[in-house]
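Once you scroll down, you'll see the structures, which are given as structure tokens.
Next come two complexes, and both contain chain A; in the first it sits with chain B, in the second with chain C.
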Partner chain A sequence: VRWTRYNPYYLEPEPAKEVYRIPATELTDEQKAAQELKAVRPIKAAPPGLTSSVFSDPTVSKFVNMMMQDGNKVLAKSIITKTFESMKRKQVEKYHKAPATEKEVIECNPYTIFHQALENCKPIIGLISIQKGGKYYQVPTPLTDSRRRFLAMKWLITECRDNKHRRTHMYEKLSQELLAAFINEGNVIKRKHDLHKMAEANRAFAHYRWW
Partner chain B sequence: MESPRAVFRTSEWDPANHGDQHVGQFYTIPPSQVKTVFPHGLPHRFQQQIKTFNEACVMVRKPALELIGYLKKADPAHPSVRYVLYGERGTGKSLSLCHALHHCSLQDWLILHIPDAHLWVKNCKELMPSSYHRARFDQPIESSVWLKNFRVTNERFLKQIKTSQKYVWSKREFTDEGRPLGEIVDQGVARVKNASDAVGVVLKELKAQARPGSYRLVVGVDGVNALWGQTTLRKEDRSLIDPSELTLVHNLRKMMKNDWCGGAVIATVTQTGSVFTPSSAYLPQELLGKEGFDALDPFLPVSVPAYSEKEFESCYQYYRDRRWIQHHRGHTEEGKKELLFLSSSNPAALERICAFL
Partner chain C sequence: MATKCTGLQAKVSRMLSKEFGKPILKPNKPLVLRNEVANRKLRQGEASCLTEMSVMMACWKQSEFNHAACAPEVQSFQRCTALALGERKAQMGQESSGQGGRLHPKQANTLLKRHPNLYREI
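Showing the complex of A and B:
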């Protein structure tokens, strides 16, 4: 089990297979030093989402963790796999029925669709609540990359959970929303644009931010 | 580029001409035949695959070729032989059965296909006491659905075969002797209450009239171990129903006996839909139990193994050709080795893994 706090002398586990396949003669000096360190220092426990599989994707793992409720990662992962499967089925069906001229345009890879949709949902500028003279103002501010990714994923999940018909499955709702976001349509893109408009409207308060 | 396609596809669409040189290759079933021969026969995931890829491609494998060879050499004058397909979960028993039935339909046999016998012994919404026999129970919905699909498959036989005795359905409805069998099927579909009895009549007539001179009959049952296992259905006093107390099961058991000539019975024993069986059981002896084994004995067992290396390679190339493996790492050698390891050459596991990659 992975602890939350480790002594700083614990080293991180290395899941990539290529590192272990290099023969002892071809190691660089840094790699030799790292190997010697591993012989003396203890190593942290591997987190459950870490795999040495070639198909693992850190963004998808982060999305699975965000969808997880009550620690049920099996259910969250199965929802994501069903989402990718349903997206791929819709796109591949369209691909096989389209004439030869339009085949190049249709994107069938669910991973590229997921990454592109997430990019399209990420806001560029965010709002922060700052207190000045007894009142709270919504001040526009730049966001870090991790905050933007978090907001995009959070909006996708909450939109699918709250604003859709209750009898559809989560993977269907997610696949519809991701395919819409891929072509810059849908409620999540609308929410991103609303945030940008609010930030544009409040640009007078920008100097309330002192960092 | 034609040469890579030649490795995993074959243009031979008639299963009668499939030989050992076609093992591991995919053959396409024309869409018109898919609708007539398999209205309810194909497994659910395979139907989704047909819809996605816009074509129905089945791999030619050794168990199916063995079955088709036996069917070609069987003598119609001898009693019907019973073949039992067995194998671990997801190795392709249902699709091998469908391959054999496709061959039979092209050779103009009468096909009696029960896609999943487990659906008849569990989750029945309407269970009525039978009008014909006081102790038995009817299942109107399942019977009428099966009759509709049976009519789609065997249209032309229904007009040729005539009934051999008069059947009375109720005070005002009866079917005379010498009427075409299609009327019995229509009666079962129209009057849902009598649907189970209509199924029984159809099975009895077909068995009685399957002589060496007339048509050849093939009975394909998926999950035959359901007929001799246990049900999850209960009577009104909360006691469990035995499978022999269901009209459909009772009539189907009579078909499974080898006291008729001029045809064959192909069955699959599967744990996948069965109730009260452990998931590690896959051999016929374990799944059929003593009663079922004695009823089917003697039978010809056909083992269905997982993919060989050549078949796995062929399946992988087919998925790549149909744009099913989309992950960029799936196209590398590393990815292929990982797919082989994760699925352990099991066809169903490979299909489920490639679905989300």
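Showing the complex of A and C:
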């Protein structure tokens, strides 16, 4: 079990297999030093989401963690797998029904669809509340990559949780939203555009930032 | 060091005394040094990447928020923000290490805590 607090001399575990396949003769000095350090220092326990498999994707893991409620990772992971399965089924159906000219354009890999949809949902600038002269102004500001990814995932999850029919399953609604975001349609894209419009309207306050 | 101290005490006592007209100093608290240094205020900077942002927003207004049409402006804005972030991180690292021969207020405070000015008999 991974503790939350470790002594600073603990080293991080290395999941990548390529590191261990390098023969001992071809190691650089830094890698040799790291190997020697590993023989002496203790190593932290691996977190449960860390795998060395080729199918593991850090963005998908992050999305699963964000969707998880009350620590039920099994349920969150199953929802995501069902989402990808339903997306693949829909796309393959479209592929078989399409004429030969359009067959190459249709994307069937659910992972690429997920990444592209997330990329389309990420906002480019955000708004920050800054106090000046007793009043609070919404100032447009650039966002870091992690913040943008977090916002995109958060919007997707809240949208799927709130605006769905009582009887539609989460994976069904998620697959619909992801496929819509892939072609730049849907409520999440609309929310991103609303944020951009607000930022554009408040561009006069951009000088209130000091960083 | 000792001679300098006595000279200062004499000066202070003359400023406080009422023998030579009105006293120059009328302290409401005892004249004792605190065991802390005031925190230096960070230099007020300006907002970074404003021109890039305004160019991007003008492009958006023209093309009705069509992101595909504004791709070069968006990329230049993102490059500018990445550069600004790197610069800020380098500046923060440089500030915490050394400040042109002076101590950082936090470092001075830790030192003073270890060797405080005793003004009370314990």
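Note that in this section the second predicted complex is superposed on the first by the 211 of 211 C-alpha atoms of A that agree within 3 Å, B and C clash if a C-alpha of one lies under 4 Å from a C-alpha of the other, contacts with A are read in each partner's own complex, and residues count from 1 in each chain.
Quick note on the criterion: a contact is a pair of C-beta atoms (placed from the backbone, for glycine too) under 8 Å apart; a residue touches a chain by one contact, two chains touch by 3 or more.
Bear in mind the structure is a predicted one, so any value in this text is a computation, not a measurement.
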item	value
Chain C versus chain B on the shared chain A, clash or fit after superposition	fit
Touched partner set for A:E93, first chain B, second chain C, both or neither	first
Which of chain B and chain C A:E85 touches, first, second, both or neither	first
Once both complexes are placed on the shared chain, angle at chain A toward chain B and chain C, C-alpha, multiple of 10 degrees	160
Partner chain(s) touched by A:V19 [first = chain B, second = chain C, both, neither]	neither
Partner chain(s) touched by A:L37 [first = chain B, second = chain C, both, neither]	neither
Partner chain(s) touched by A:I128 [first = chain B, second = chain C, both, neither]	neither
Touched partner set for A:A45, first chain B, second chain C, both or neither	neither
Chain B versus chain C as contact partner of A:I183, first or second or both or neither	neither
First, second, both or neither for A:H207, with chain B first and chain C second	second
Minimum C-alpha separation between chain B and chain C after superposing on chain A, in Å	27
Shared chain A surface residues [contacts with chain B and with chain C]	none
Partner chain C, residues of chain A touching it in the complex	124-125, 140, 142, 144, 184, 193, 196-197, 199-200, 203, 206-211
Touching residues on chain A, where the partner in the complex is chain B	53-55, 80-82, 84-85, 88-89, 92-93, 95-97, 108-111
Complex interface listing, chain B residues touching chain A	48, 51-54, 322-324, 326-330, 332, 334-335, 338, 355-357
Of all residues in chain C, those that touch chain A in their complex	44-50, 53-54, 56-57, 60-61, 65, 67, 74, 77-78, 81, 84-85, 88
